[in-house]
Amino acid sequence: MTHKRIRIGMVGGGDGAFIGAVHRIATRIDDGYELVAGALSSNPDRALNSARRLGINDERSYPSFSVMAKQEKKRKDGIQAVIIVTPNHMHYPVAKAFLEQGIHVICDKPVTKDLNEALELKALVEKSGAFFALTHNYTGYPLVRHAKHLVDSDVLGKLRVIQVEYAQDWLTEQAESTDNKQAQWRTDPEKSGMAGCLGDIGTHAFNLACFISGQKVQHVSADLTAFVSGRRLDDNVHTMLRFDGGAKGMLWSSQVAPGNENGLRIRLYGEKAGIEWSQESPNELWLSILGEPTQKITRAGHGAGEEANRLSRVPAGHPEGYLEGFANLYVDIALAIHAIEDGADVRSVQGLIPSIDDGVEGMKFITAVLASSAHDSAWHPL
Amino acid sequence: MTHKRIRIGMVGGGDGAFIGAVHRIATRIDDGYELVAGALSSNPDRALNSARRLGINDERSYPSFSVMAKQEKKRKDGIQAVIIVTPNHMHYPVAKAFLEQGIHVICDKPVTKDLNEALELKALVEKSGAFFALTHNYTGYPLVRHAKHLVDSDVLGKLRVIQVEYAQDWLTEQAESTDNKQAQWRTDPEKSGMAGCLGDIGTHAFNLACFISGQKVQHVSADLTAFVSGRRLDDNVHTMLRFDGGAKGMLWSSQVAPGNENGLRIRLYGEKAGIEWSQESPNELWLSILGEPTQKITRAGHGAGEEANRLSRVPAGHPEGYLEGFANLYVDIALAIHAIEDGADVRSVQGLIPSIDDGVEGMKFITAVLASSAHDSAWHPL
Amino acid sequence: MTHKRIRIGMVGGGDGAFIGAVHRIATRIDDGYELVAGALSSNPDRALNSARRLGINDERSYPSFSVMAKQEKKRKDGIQAVIIVTPNHMHYPVAKAFLEQGIHVICDKPVTKDLNEALELKALVEKSGAFFALTHNYTGYPLVRHAKHLVDSDVLGKLRVIQVEYAQDWLTEQAESTDNKQAQWRTDPEKSGMAGCLGDIGTHAFNLACFISGQKVQHVSADLTAFVSGRRLDDNVHTMLRFDGGAKGMLWSSQVAPGNENGLRIRLYGEKAGIEWSQESPNELWLSILGEPTQKITRAGHGAGEEANRLSRVPAGHPEGYLEGFANLYVDIALAIHAIEDGADVRSVQGLIPSIDDGVEGMKFITAVLASSAHDSAWHPL
Amino acid sequence: MTHKRIRIGMVGGGDGAFIGAVHRIATRIDDGYELVAGALSSNPDRALNSARRLGINDERSYPSFSVMAKQEKKRKDGIQAVIIVTPNHMHYPVAKAFLEQGIHVICDKPVTKDLNEALELKALVEKSGAFFALTHNYTGYPLVRHAKHLVDSDVLGKLRVIQVEYAQDWLTEQAESTDNKQAQWRTDPEKSGMAGCLGDIGTHAFNLACFISGQKVQHVSADLTAFVSGRRLDDNVHTMLRFDGGAKGMLWSSQVAPGNENGLRIRLYGEKAGIEWSQESPNELWLSILGEPTQKITRAGHGAGEEANRLSRVPAGHPEGYLEGFANLYVDIALAIHAIEDGADVRSVQGLIPSIDDGVEGMKFITAVLASSAHDSAWHPL
């Protein structure tokens, strides 16, 4: 079989941005993609310079995403998919522009600014027939996949308790009043939507809990806080959860917890066993079968299943990390896109890839949490 | 100075009991006490046999606690203090009997069956002038004391977030229907009161959070569950907390979380630093000052303060554990009792020792959590 | 059965000493002993004051160990055993004095100043018929016993590699030129013998490797160093080992390794499995059966065997530490002494208790290491 | 600046190989290279198929490395550098062929089959003027660079003790008699040279110790073993080390230690501080300054220096692993090659990149260890 890279473009991700570079590395690791076009910045100079640095031809470095969508559609060698790595409020219009041209969309999270946009986007995706992936990247870690497998294959038994958290410390002080660009837009309701920490990392924790458990959150009771003086969006999220399968849980998310870098951690307990996984030590999954010693399952090591091994590049004991986990999403997205181009139905190939439905769920979660917190933590349905 | 051991008696703690043996070891470690009397069991044979095994003279092995209280009061060499290690529902009548004789009381937690009893007991303590200690033993760990010191001395700055949890797995299955005596009484409302996991270990987590933070919980929003079929008391506790000093928190307590043995763990985050401590690794305290690498402070090691060192027996790197932490309470209780016998006012010497007030707070917590959970998690004041 | 405490005396261990207090706590934890006599210091005032503080009657606080041995022998209620916690050079004469009176001896390690003394002591022990225990206390940790059990029951298969180490940092600087009494005698050849770090902690590592593996070291190749300027005894030990059962190993011991408190750690690898244990986390034993996930076995938890459970006082997850491990030796010593007093042969009851033979082995090890290091690390037999 | 990828070719690394794929990922992560030619297998079919799968044009998929060297030299768009990922015995002839054409060489370790070849290769490199890099990839981990920085900037003070180890378990059984290709050639003296575990992973441990300490090993005392029946090369390495700067150390390397995956771990102790790093947790470096609490320095976190940050792609708490560490070598190799093409002297740009000199040192180490082990562990100079 000859090697065929998927032609991609990118919107956002110019010099100075963070997550765009991460996506680019993730696409390169397994050599399944080729970046050939971009509208990398709303600033034309930065857009062009960034494109040159990335080896994109000048003629395919576009001043605007809408021009890009139309022009690329016309080319025989036009992009097959676009990666959207703008601030949150731009996700919807950009995705719309490309979906309307039938170009597949790979979009960073949270999917949109609010639930209405998410529902509209869902309609657009369905109408377009194009493929839409949401990069809840933590689902790409091999041992997260294995955790899901353990739940799915009933090793844990009926789930009872799900404890999930995502703690950081980088907004402990008022970073948004410095020149920290990341802090500025993430604490600005115009660009982030109504959720701060909740949207930025709380949704990752939420998505991870749903992904592994296979359950949906039905109700939330939430207490949001903006601890830092003058901050306009929440920087700490306390939530109790009730899942549709009968499990109960807690979700804590914070950006004001000194000593936490990217403390995404999940624990699930069922009638027969419990598991624990932490993003900062992603090559280990702890499995405690009731009445037996706790097992340390390592990525690609003994006890890791087929799905974890499929997504491993190097042997156990050689750590894979965040970028490889991200790349795993792109591995599966490439499989999906190739399948589609070979004529398969788009919905049949999504498999484990976070979808527009997951995006909608995330926005429902945000909406419900905001509502519960506004009503003195009364339980609110999603 | 000649060595003077404090003469103690014990109610409960006969053969087959668990916590009584722990108290006895704790009293022996530093040689500050002498066990000379007991009403070790409501079963007279067991009481006598247990007493003999412990080197208590037959004449001071009593068939009932009320006889014991009166007889010991009459002796010149009568006990100075009694240790109460019965099931919860007996704490109140036993404590009452000894307080009325002016004998100091050292009582296991939770202090009573319910809040009313606790308030009555508080009145009795105050009236008696005797000393009353509640063995929330986790406050005795040297690095818990140091954690409190770090908060008190403003190393953390104003506290914002407090995450505390206590997870076990020994009630994952229906152990109360086996011959497990510990499981039987702890899941029986007649003996435990209305709180199961909540009273047994949730109160420890609650007490620890208050002890270290120096703040009181003002409101709780709680969701209690009895996951195991047929169980009459809660086995999982989800609670959001609001403290009087402005901090917010979460408390999770569970006895159905496979893989957890005694997972009592606390994290506190302030404006300037965060700390983390886990009971299963009690010789380490993690201190993260914002902008600096996290420090691993070890018991009796570099960075541990005077209070932690005062309560350490062996050098850093030689682990001290649960029994030593428990013994530390007894060290301080001995100091208090000696001070009292030297004429000091009882209230002036209690210092860091959990008191009847802490017992009342614990019962208020239980009461409020039960109320909140019964009202769909509405915030409830303590 | 009525409780019968063993009457003990102590030589050494007066105010300011370290290990004497440890032994006393260890004897108290399980209430099997009663300290009734002592020659606690060569300084008469300190001896008397120390004794009073410990509740020893003045008449049984002796100015010299030889007087003590004779006087105690004469009493009906004389001590049944003596605990020797002097500096190393006094172990032999003190042990001799008590053995000659037929009094059991419990001696701190290393057993004597040199191999000759150890061999003479062995002859004395055999002649006396009294019981002799050497407090290599790390063998008392429940999971060390379980590790030995795993090896003995062939879970590991034929042993191949044994890596053991004991690292500290308290002699990184020239502490012996300060008023640090512990540092002074431990670096003084007159009091410590010819081995510094080697005798103080290297012998613990050596003993632990032999205890768990059940193998004897046949040859050593060693490289000793005194890194600190002016130090008269080694402060770092590098040794390669060859065991009589075919295993090979390395032993590293150091007192100049900043960041190490009491880093005693052992790993054993056989044809079928490997195990790992660290003294600073003594409640965990890691078992890796080839082809399976590594298991975390906890003290008193799932996977811990009968021997480990026999020596546990509190449930899994409530850490036991150094003092409890030490106390476990005293539990077994008490069993031995009671058995002897009931007429059993002394040799039949020693079981797992480190003996004079272990002491001799330790001195052979020291001697061989010194010889190898003096001969440019040539392999030297024990 | 326009993006200019370095054109590379690869020898070895066809389907079924392991390390070739790792190199390719490492070159792609930061987009500094373009793979355009290869002689990927000695089997012509496999070579061609592998090349096609990698997107190499058929005309640049060569049946032999010597043809490749000559043909590529002739092309205007010929490769600038070749990556050699064959078994060890082929490193020398392949490197020679490309160096003679003035093509830069990036070679996997160990550098050659034996010391003679290494010395000849060194002469060839010097004569050619081309750039030669040896992929001791563990030196590319950001916190390894920071560890070196801490030593270089005297944070540790004069080094005393260096403990390094690399343990695996994959050769615990006789894997070479199965169809495990990796096991077959690594245990075959014809393909691996005279060193088994010693050459495969012992050299990594050796190189890491030298890299961080900045010291050279002067003498070794070694004890090699082949534990597995019938194995022709060592599978366990015990070595004591003496460094030219006065430090002493131990190196343990094993492939028969069940439970170890890639347990490369190093600890360095100086007069003022100690550090510890483990390859399986590469995002943490532990720094213990004498008299202070141990610090946990995280990659890109507080306390990590400029060099570590230069080589980090994602924020602290998002783990980077083995592939990123490997890619860091390629980042620096790209800087070197670009500098050379811009006319800089090749020697001036090597900086921190392992060189032919490191390769020679590694072969000297292997030679000396083999000699020492053959002479009953007598100290042998390098």
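Chains here go by letter, A, B, C and D, matching the order in which they are written, and residues are numbered from 1 within each.
Basically, contacts are C-beta pairs under 8 Å (C-beta built on N, C-alpha and C of every residue); 3 or more make two chains touch, one makes a residue touch a chain.
Everything quoted here is computed from the prediction, not taken from an experiment.
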{"item": "Centroid-based (C-alpha) most distant chain relative to chain A", "value": "C"}
{"item": "Numbering shared by both copies at the chain D-chain B contact, with half separating same from different", "value": "same"}
{"item": "Distance between the centres, which are taken as Cα means, of chain B and chain A, whole angstrom", "value": "43"}
{"item": "Intercentroid distance (Cα basis), chain D paired with chain B, Å", "value": "55"}
{"item": "Geometric centre distance via CA averages, chain C-chain B, whole Å", "value": "35"}
{"item": "Overlap residues in chain B, where contacts from two or more other chains coincide", "value": "260, 287, 294, 298, 301"}
{"item": "List of chain A residues in touch with chain B within their complex", "value": "160-161, 163, 165, 169, 172-173, 221, 223, 225, 227, 236, 238, 240, 242, 248-250, 252, 254, 256-260, 267, 269-276, 286-290, 294, 376-379"}
{"item": "Chain A-facing residues of chain C, complex", "value": "287, 291-298, 301-303"}
{"item": "Contact footprint of chain A on chain D as seen in their complex", "value": "1-3, 5, 18, 21-22, 24-25, 28-31, 52-55, 168, 260-263, 279-283, 298, 301, 313-324"}
